[in-house]
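Look at the two complexes coming up: subunit A is in both, with subunit B in one and subunit C in the other.
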Partner chain A sequence: MQTAANSRAGLRQSPIWRILLAIPIIYVVLLLGQPAGLDLPKIVDTIRNDPGILLQQLINGLANGAIIAIIALGYTLVYGIIELVNFANSDVFMLGTFTALLSMSPFIIMSENGGASVPWWAALIAFFPAMGIGALLNVTIERVAYRKLRNAPKLIVLISALGMSFILQNIGLQLGSLGKLAQAGPQFSIFSILGSNNAAPKSFPSVFSNDNLLEYVFPSEPTPTPAADAGGAAAAGAVAGELSEDAVMATANAAIDATMVADEATRAAAPTEVVAADAEVTPEVAVADAEATPEAPVADAAAEIVATEEPTPDIIATMNAENGGQDVMAEAPAATNEAGQSIERTKVRITFKDLLVISVAVVLMLVLRWFIANTKMGKAMRATAQNRDAAKIMGIDVDRVIAITFAIGGALAGAAGMMTGIYNGTFVFTMGFTAGLRSFTAAVLGGIGNITGAALGGILIGILAAFSDQFLSVRWTNAWIFLVLVLVMLFRPTGLLGKHGGEKA
Partner chain B sequence: MKKQLFRGTELLAIVLSAFLALVMGRWSIIVIAATGGALVGLAQDRASGGWKRALQIGLIMSAATVLMGWFHNNVLQLLPVQETINASARSLLTYVGAMAIGVFTSVAIAWLRCLENQKAGRIGQLAILAAYAIAFPFFDAVTGSVWMATIIVCLIYAMQAQGLNIVAGFSGMLDLGYVAFFAIGGYTVALMNSEFAGRHMPFMLIIWIAAAAAALFGLLLGAPVIPLRGDYLAIVTLGFGEIVPIAFKNLEAIRINEPISAIIAWLSGKGAETVTCLIGCGDTPYNLTNGTQGISPIGSPGESFVVGNYTPWYFLILAMVVISVFLIHQLRHSRIGRAMVAMREDELAASAMGVPVTRIKLTAFMIGAMFSGFAGAFYGSYVSFISPDAFDFSISVIVLCMVILGGSGSIIGVLMGALVVKIIDLLVLDKLQVIINGIMHVTVFKWNTNPGLNNFLESLLNMTQYKLLLFGLILVIMMITRPQGLVPASVAKYPEGK
Partner chain C sequence: MLELKNVHTYYGNIHALKGISLTVNEGEIVTLIGSNGAGKTTTLRTIQGLLRPREGTILLNGEALEKLAPHVIVQRGISQSPEGRLIFSNMTVRENLEMGAYQRNDKDGITRDMEYVYTLFPRLRERMTQRGGTLSGGEQQMLSMGRALMARPRIMLLDEPSMGLAPILVDQIFEIIKTLNKEGTTILLVEQNARLALSIAHRGYVLETGEIVLTGEGRSLLDNPEVKAAYLGERAH
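Showing the complex of A and B:
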């Protein structure tokens, strides 16, 4: 009996067993993945016809992945030290975006066409309150909800973390109410950026232009496609406040009809119609508010994306596929993109935002690595992670080390929040949930507790999400990421770079 | 040693009853007093002083409830936004009734709990609860409090909470995607008994199919991840709970080809005719779930189950809950149930004693999913409409809240937790909103003339938007102060050698 179990366990470890197990799994994925957009011939054809789109999505994936990686660092640091999945981390990220927006709002310049923007130095300054509040929040959470439970069973702390996450989400919802203060008097005008519906997505002022940096390096004749023209018209309309999202969608549909060959039109129009229907569903959270329809800034943002023809299926948009206005934003660029595709190949765009997000992420990671490897506190953190009791005996103030770990994680989440705001231009108070799922997946994929692993996992998940948005189906992206999570746990629970056993008690 | 004045559960019963009476008022104080009395009674045992202590605490609790109810009926009633109260609800009968039933319930349950003959005591307690449950629809009809619809929803959640209690309470596995099985149950009913699907199967058959489907999905999900550690399981189930509604939302145009033949056809450059199509091969792809629009109407279980007539629904779900509670109670004391608890307490020791840990975990996971499937099946039939929006993450957390608040592992505690949490969620927050709004209207809004500021305050004080905060607070506070819950699971004693 015992030997049979042993040999079975041994078989399970052997590579042959894994390959044998992998074949049916791949087949099942190919079979059942089809409703979720997995159609290999179509995908390969798309890439063959237009290799630029692959490169473009790689860039988008890198930028979004950088943000995910920064959040994942917070998860992995905390997990490395006290073995707790800090659910609240991703809601600290959401509140970081709020903080950044509020600290930038005194500097907002409203342009003639209604678009809000801030100078670059204001954005730079806003990084500090975002990171500071993030750190403060995370330390407070640790003090309030986790410290007393230091020696309690793991699940008890996990439930406490879950509760904390919900509390923060509600704070985010009520922070949105500040937008109503804007009508109370001119002294509150900095809150007007939040809009009048507290549950609706908030728009973030634009900081950097959407200019294609490659245009400066390799200048070429700008040849706007008909789709871009139609999108521009839609944007103009929305800016003037004459068009609702449906109208924007209608214009986008028109663009599709105008530019696409018949069979492609039917293929692309089907999802777009459904999306338009979606937009009528009122967001459930806003039951109490009569004005639950997404408002002008959202339409504006959507139109902006349509206008620039930037195929950026941003984190937030895909995160909230259930939210009407968001869907418009997620699908509209894709639709335009498909439309443009039959005319000419995608021109690869690298904007300043891409570079900024990626470079900030790299800098933060390098600083973190240096901090952990070279400073005394970093050494104390490593010691605490290795053996908390032994560290205590050696005179390390474990409580302080843990608090500093949470502070670092919170600061990173705040920075990621700021970066999301700049990069995606819009956010909503529920975005922490999906961001948390994605970044936790990234941390597990890289090997939880491993900093380089979290960075690598974040980038991989970002690229996977971007590819899924483009080549599979934007509605199923979360499902694909979840599949990756399960497969990693099944085949390599220690992650790509993880060393220690997965069953560390 | 100093004698404790109030112990946690008793204090909470008093505060909770008084608060609920303050917010709800009217006839409801009778129901509140009965519930509070049950809680007080359940908190007693022989060591705490038995029925004598229950009499003292029950008196305090009932008095607080009646006082607050009186305050609501006579003072808060003057606020501008309240509905009017009919005279009988503020008559002496209501107050006396509430007082009597509160004291009676607490004393009776405490006395029964302290009986020498434990079996008789347990039967007596059940009889009291059964009497209340059966009397409720008549009470509701007499007083005209329109609570039936809410209570039915509460019972649906109570059933889910009982199922989650097996997973989280008995076995110590945190399942954060419990709503997925609820959704699977609901959609199974929709696909088996609706115009949309073109099938009409009898309800009594479908609920078993729904439960089996939920259990099957529990097995499929659990098998790969259950051998992993607990926090990984929590995240994977969280993801699963997120994915299932996404799948139901988007499975509206399915066309599945056999993948190998599709790849061969593509590589050889042949057209679509060589591809083997499996599902959705016609001109229009197969529509399984009707997307965001959902499926409606769903057939009802029988002829008397019509819209607006809640009584048959109430007794159906009541019967389902009672049977579930009975089965789960049997399970808890069976060999499997004891193995679950042993595993929760110390996995290593349990496996050393010969408990097949992985198999027991999977069993618990499947049985838990099954009860959620039952609940989902009833829910689908009851609301006669299923759409993916009804199954979001917050449901998983609400159900977890019920288990945590009531006492994980304690069947009766979880039942009480479910009723309290869901009643607060559905009834109390709305009422509280009305009262706070009323107070604001006679105070701040009167003095302050800035409409923007008033608008902001109204939005900030909108109690219905604080649900997430409430559930979050329940989880955090319970974990820090009383992780065993309001009515902790008693440590069962087994005779030696059994």
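Showing the complex of A and C:
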């Protein structure tokens, strides 16, 4: 049996097999890729006209990938140790954002126009409850939903995991309705942030500015802002003019950034203009039924939103900035990526948030690696991952090791939740689903059970998603991600960094 | 020291141990022989707490073990070199030994015992930083025994230490078992190689389909005609 498996693996590794496999795959991708946004000449054109956008998306991808990577660490740790896909992990991530928001609520500063912000130290403090509650939740989940099933068939545990995921989503939904309490009397700022619609995306108070750090390093001459023409703005995206300091290329998750921009636009008091540039002139408005499919507008809205420092508050398209961003989310216009071409060259932006998210992710990964490699508990985790019975014979309390693994995964998810709040400025109770899909894919891509692999996979998925959002098609981003997963699985079944022979943790 | 009284263990509905009773006294080598599937490994797994007996009791110096978790049983002084050795193949030899001492916190004692294991098995010292998976079968057996020793057990369970090893290595391993015993470790040895096991054991039990059918001193079992016919004749080498 082993020899059969070996010869199969051998065939898979032989160059002939790879070539035979690659040819039809490339053909199919080229053939079927077109509706999914694969238009090579256009992509080449876009990049030639505006090389900066490539760099910009790389930065966006790195930052979003860093968040995915942190969640993926939780998936990969738990999978490594009990071979279970803890679907609830990414919902712990979602509740991490809620926890962070709720624990920051005493420090929220509201501006007259509804925007909210918190001082940086409050955000720093909020990391602890976010991680703590995340850990506690994950440990409870293991205790309640998985421990009794440890010797049950894998499928049953998987169903249990899905069930936990739904329960957590509904907790998130209920938390979202806290804002309704405002009608009963007390006017806490947290209530106005949460709003009255429990399913609607919530805005996260802004913590750090969107200042382009590159501006400090390479200051640019001030350029006159061209006047916006309501009629021509959309058609000639150039009208939007030079991307100034507040301008944000909303791409990675356009609607999410849209909220942030709109949010900041209103908060900044300085009259700001939000332009939804759409080359096709008619913006396809995705009016979302937030109750039913709150995720839909997030996926659909590919809006290129450009905020300029225009002294006249003039809202073009269906941007409803006054609502503190919430309704913007639901009614974000879906603009096609072609808009990117007509807008003038992208000025590459690196914000403090980008650096923060990426460096936190790197630090967490390094600490985790060190912990697993060098501490007694880390070694016990590796031992349990390799052979649970052997670990028991060594005198390792396997239940405790598994609980601690879940705690670490939950804490990481909580930290990621906090960071997505800071970075994207908005969140919704269903975001765990997409995040879970991407981060689990990242874990498999990197080689499940492998910590460095999960981090690498997360970064790759992040960049891929950003590029797909920009150059391919936002609607198809998840499809492209899974295509890459399928390809990696075909050519390297153990993942990028996975080793043969079931090496774990 | 260790006493099993009427222990019944099941795998699902399969009645694997049908009322095993055996005793291991302090300082003894006791061997449990029997053919494949007789329940030898099951007995060791039950003692260690990996399997729960449905009936019966297991006493270590009078304390009941059958309801304790495996890691607590290790704490009480039972460690094991399990069937198939179960080396942590991604960990170095040194890390494997460290895992053996998981329940202990006396750093100096651990260092001393590791030194002791290295003198007992010089090959392990040479391979200290190598991964467990890269060791040969004999070296893995040494590592597995060394790892069990690191727990500083009062009684050590050895499951088929001769399995898959060249005869010269088997002799070496059995010499070490004798040495260990002389230095004070009580040993419960499970073996298919009945001749070898009985030749070093003080006492032996013969297990057949989950029941103990014979018991006696090592030498006397070696001379027992039933044992000779069933276990020694076919295993002559």
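Going forward, the second predicted complex is superposed on the first by the 361 of 505 C-alpha atoms of A that agree within 3 Å, B and C clash if a C-alpha of one lies under 4 Å from a C-alpha of the other, contacts with A are read in each partner's own complex, and residues count from 1 in each chain.
To be clear about the criterion, a contact is a pair of C-beta atoms (placed from the backbone, for glycine too) under 8 Å apart; a residue touches a chain by one contact, two chains touch by 3 or more.
In this text the structure is predicted, and so the values were computed from the model without any measurement.
In the superposed pair of complexes, A:Val348 makes contact with neither subunit B nor subunit C. Put simply, more of the residues of subunit A are touched by B, taking subunit B and subunit C as the two choices.
Contact with neither subunit B nor subunit C is seen for A:Ile47 once the two complexes are overlaid on the shared chain.
By the touch criterion defined above, A:Leu213 lies against neither subunit B nor subunit C after alignment on the C-alpha atoms of chain A.
When both complexes are overlaid on chain A, the residue A:Asn387 reaches subunit C alone and has no touch with subunit B.
Applying the stated contact rule after C-alpha superposition, one finds that A:Leu55 touches neither subunit B nor subunit C. Contact with subunit B, but none with subunit C, is seen for A:Met164 once the two complexes are overlaid on the shared chain.
Across the two superposed structures, the residue set of subunit A contacted by subunit B and also by subunit C is 503.
Residues 168, 172, 174, 176, 224-225, 228-232, 234-236, 238-240, 242-243, 246-247, 249-260, 262-263, 266, 278, 291-293, 388-389, 392-393, 397, 400, 404, 450-453, 455-456, 459-460, 462, 464-469, 471-476, 479-480, 483 of subunit B are the ones touching subunit A in the complex. Taken in their complex, subunit A has these residues touching subunit C: 376, 379-380, 382-383, 386-387, 389-399, 501, 503-504. Per the touch definition, subunit C reaches subunit A in the complex via residues 48-50, 69-71, 74-75, 79-80, 82, 86-91, 95, 98-100, 102-103, 133, 147, 151.
Listing the residues of subunit A that touch subunit B in their complex gives 27, 30-32, 34-36, 39-41, 44, 83-85, 144-145, 148-149, 152-160, 162-171, 173-174, 177-178, 180-185, 188, 198, 270, 274, 277-278, 281, 284-285, 287-289, 321-322, 433-434, 437, 440-441, 444, 473, 475-476, 478-479, 482, 485-486, 489-490, 493, 502-503.
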